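Right, I'll just put the structure down here and ask away after.
First chain written, first letter: the chains are A, B and C, and each begins at residue 1.
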Amino acid sequence: MKSIKRILKELFKDPMGRIGLIGVVLIIMLSVLAPVISTHDITEMYTQDKLREPCGEYLFGTDNYGRDVFSRIIYGARVSLEVGIISVGIAAIFGLIFGVISGYFEGWVDNLIMRFMDILFAFPSILLALFIVSALGPSIANTMIAIGIVNTPVFTRTVRASVISVKSTEYITSARSIGLKPASIILKHIIPNILSPFTVQITLALSGAILTEASMSFLGLGIQPPDPSWGSMLNESRKYMEIAPWLAVFPAVFIICTILSFNILGDSLRDVLDPKLKL
Amino acid sequence: MWSYIIKRLLGLIPVLIGISLCIFLVLQLIPGDVISGLLGIEENPELRAQLEKKFGLDQPLYKQYWDWISKAVRGNFGRSFRTDNEIFPEIIARFKITAQLTVMAAVISCLIGIPLGILSAIKRNTWVDGIVRIIALLGVSVPNFASATLLVLFLSLVLNYYPPVGYVGFFNNASVNMKIMILPAIILGTSMSGSVMRMTRSSVLEVLRQDFIKTVRAKGASEKIVIFKHALKNGLIPIITLIGMQIGSLLGGAVVAEQIFSIPGLGLMTLTAINQRDYPVVQGCVLFIAFVYVLVNLIVDILYTYVDPRISYK
Amino acid sequence: MENILEVKNLGIDLVTRDSIRRLIDDVSFEVGRKQSYGIVGESGCGKSITAMSIMQLLSYPLKTGKGEIFFDSDAGKVDLLSMKKEIRKIRGKEISMIFQEPMTALDPIFTIEDQIIETLEFHTNLNKKDMRELALEMLNKVGIPRAEQLLGEYPHQLSGGMLQRIMIAIALICRPKLLIADEPTTALDVTIQAQILDLMNELKESFDTSIIMITHDLGVIAETCEKVAVFYAGQIVEETDVVRMFHGAAHPYTSGLLRAVTSLGDKSKSLYTIPGMVPVGGYIPKGCRFEDRCDRAKKICKNNPPELLEIEEGHKCRCWLYNESGDEK
């Protein structure tokens, strides 16, 4: 696998890769710098300024409670990224563990794990997330858990497939034949070789997780008010769409740009890491 | 052939058992007490005992599960906590609506996605390809609730158009029904068309790389024949798989679309039940939707064997 | 036209975003009527892409850069490289091609019958019944026993040898004047190889077809060809008739190849290989391309590329060791 510097360089050479990288970096910076950039307190209701159009004081206008949309959007970036990273982190870790065990040892363990993943796969993903949250109760933590669970089967499958294909290479067969223990084979030889598809999967899962969180919040089952989430902001905007269209436009644009950036980055990353797949 | 189908159908049973167990167990995670939710502030031991007995909650877990599942396979999904109506008939009625929406969306996505995907593959690396790929990217990246909201905003503010309120069945009044259904179908369909476009493009390009395409050209075939007779037919297999999987996300996306456009489908029923903590309904809806999804994928698998002669009936 | 095919100054390029590399440089040769012409060389020497270029079968990123390929078609002498859509009338009908991997050369979702008949559908107006008759006839001619039964089967159900016979049937069904065979036996077992080569020789006789046989295997050349061109690094380095090649090869590369072939009873301790490697990565040496591996290289070879000269009647060689009268300098 190429070094990180080399990957970044190649990514930057590709125009799409550049766009994706810049987009993702911008979102990250927005969320990290949220306290610095935002202009107002996000829950403070400026009751005399309800539903104001975007202007000097309120860059993106205010909502029906008189809250500053701009600051809420900035903090919304933070929420989206937090939920995205943690839920994908959960899914990636469990997916890695299950996938490696399943792929390396095969046999009944593999069967058991894959059957379980098949059952999870049998649910449309947003439905499963909504269902889990309906049982656990809507909260930011439960949203992360739900999205994490929903994404685990995909990671498990990807990792398992990579492990199986790497396992059968002569390289690994010779490692086993000289008697190396499974743990060291897995850690030192198999995992480095499956990093490419794994990384691409992470980037794409991030965009999916952000989308799922936004959808769930839109439906009222994700991030609960008054915490800002682009999805719930978009939902709340529907009642006031005709008189305050900016309430809908800003969250929509930010959601779309964020997901777009991650998808573009994921695609370019895939091209860089595995050019054979490039068509 | 039929024995293969029957074997596959039988193979569904463990999956369905797994799904139902999963659903049942997840609902056991509910913090707090369902009965308290129903009773409200009034804690009345007698009423509580009555309700517990009524909903079978005084039984041990495995018995509860068995009761539920044995009734469910016979079409008895119990009754709603809220309305005390039978759940199953309502699921079926609403499923027809969601199914209509899903089918319309799937058709739209194929009508858009497959031709554009082929175009993109043929004109690979030209500006046409570039544009199609951007469209596909947007399709994949724009969430359907965002595009739906923006569409409604645009229609009302710019075009002054408001879709008819109040759902009307297709067989009651087809034209009004279409007016109601077409917008959400377009939203869901264009959303899904992104992945159909991408899959078609990569599938066709993959096939065009195969050796036998050289042979077909060497025989004197026109490009039209190469693409439509050979590349597309061979490429159809992964495309069909994708469509099967996308039906799943359509069923999920229907939840959002039905919410926004006020369509009384299964998605909306599920969502409402979740919001109202009406757990028997949630249980029933989720089980039903998962079952439909699994069935659809099975049909796709069987369709495979039809399309690809290399797959034998094991 | 005296010959069936005349390749003149063919150049093939590899086009990438940043550069154009000339892979095949200034290749010329002629194939006579009813002649078996061999093209031999190592992997990567450019023999396959030369063959593909004849019927314009090169695909992105390869492109014909220059040259002409004259063919004696039914419509008279034509330059194949200048043709646009009309070349489809020639493919499969007047010139046919068979490829190396029979297992993947046929479309997996169509029956054998469909695929044989497809050629007839492109080039004739016969009805279904007649096409089927013709297909059966061809299958018999290529030595397939239960032809009738085979028609309904799919490629994945058949062996490599069978499939290659079917490929030959497909290629010859319209009685082409020229058959291009790109490593037709490389992917087959040795015994099947022999059968296929025999079949090709037979059919060449009965159909009056010229054959261009591309291979890296000198044994195949010996079995089937009358005239042979030796390719190295994108150029022809020697061209002569088969007998003279095996007994009087001029170019050091050709002699190296011959030495590298062992035969039963060879008791030498180690196998001979030509030292060094084919130039890689588009690096084109200034002088003779074989210079760094040649055991008879001279000073002039390093910086001056030799021309392909006729050193005796019907024998061309690209080497500074010879002048036109064939004397060693």
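As a working rule, a contact is a pair of C-beta atoms (placed from the backbone, for glycine too) under 8 Å apart; a residue touches a chain by one contact, two chains touch by 3 or more.
Worth saying up front: this structure is predicted, and the values here are computed from it rather than measured.
When the partners of chain A are compared with those of chain C, the chains appearing in both lists are B.
Counting C-beta pairs in contact across A-B and across B-C shows that the higher total falls to A-B. Ranking all chains by how far their C-alpha centres lie from the centre of chain B, first place goes to C. Taking each chain's centre as the average of its CA atoms, chain B and chain C sit 53 Å apart. One finds 22 Å separating the Cα centroids of chain A and chain B. Looking at chain B, residues 124 sit in touch with two or more other chains. On the chain B side of its complex with chain A, the touching residues are 14-15, 18-19, 22-23, 26-27, 29-31, 124, 137-138, 140-143, 145-146, 149-150, 152-153, 156-157, 201-202, 205-206, 248-253, 255-256, 259-260, 270-271, 274-275, 277, 282, 286, 289-290, 293-294. Chain B contributes residues 124, 210-212, 214-222, 230, 233-234, 307-310 to its touches with chain C in the complex. Every residue of chain A that touches chain B in the complex is listed here, in rising order: 115-116, 118-120, 122-127, 130-132, 134-137, 207, 211, 214-215, 218-221, 231, 234-235, 237-238, 241-242, 245, 248-249, 252, 255-256, 259-260, 263-264, 267, 279. The residues of chain C lying in touch with chain B in their complex are 55, 57, 60, 85, 88-93, 96-97, 99, 101, 104-109, 118-119, 122-123, 154, 156, 167, 170.
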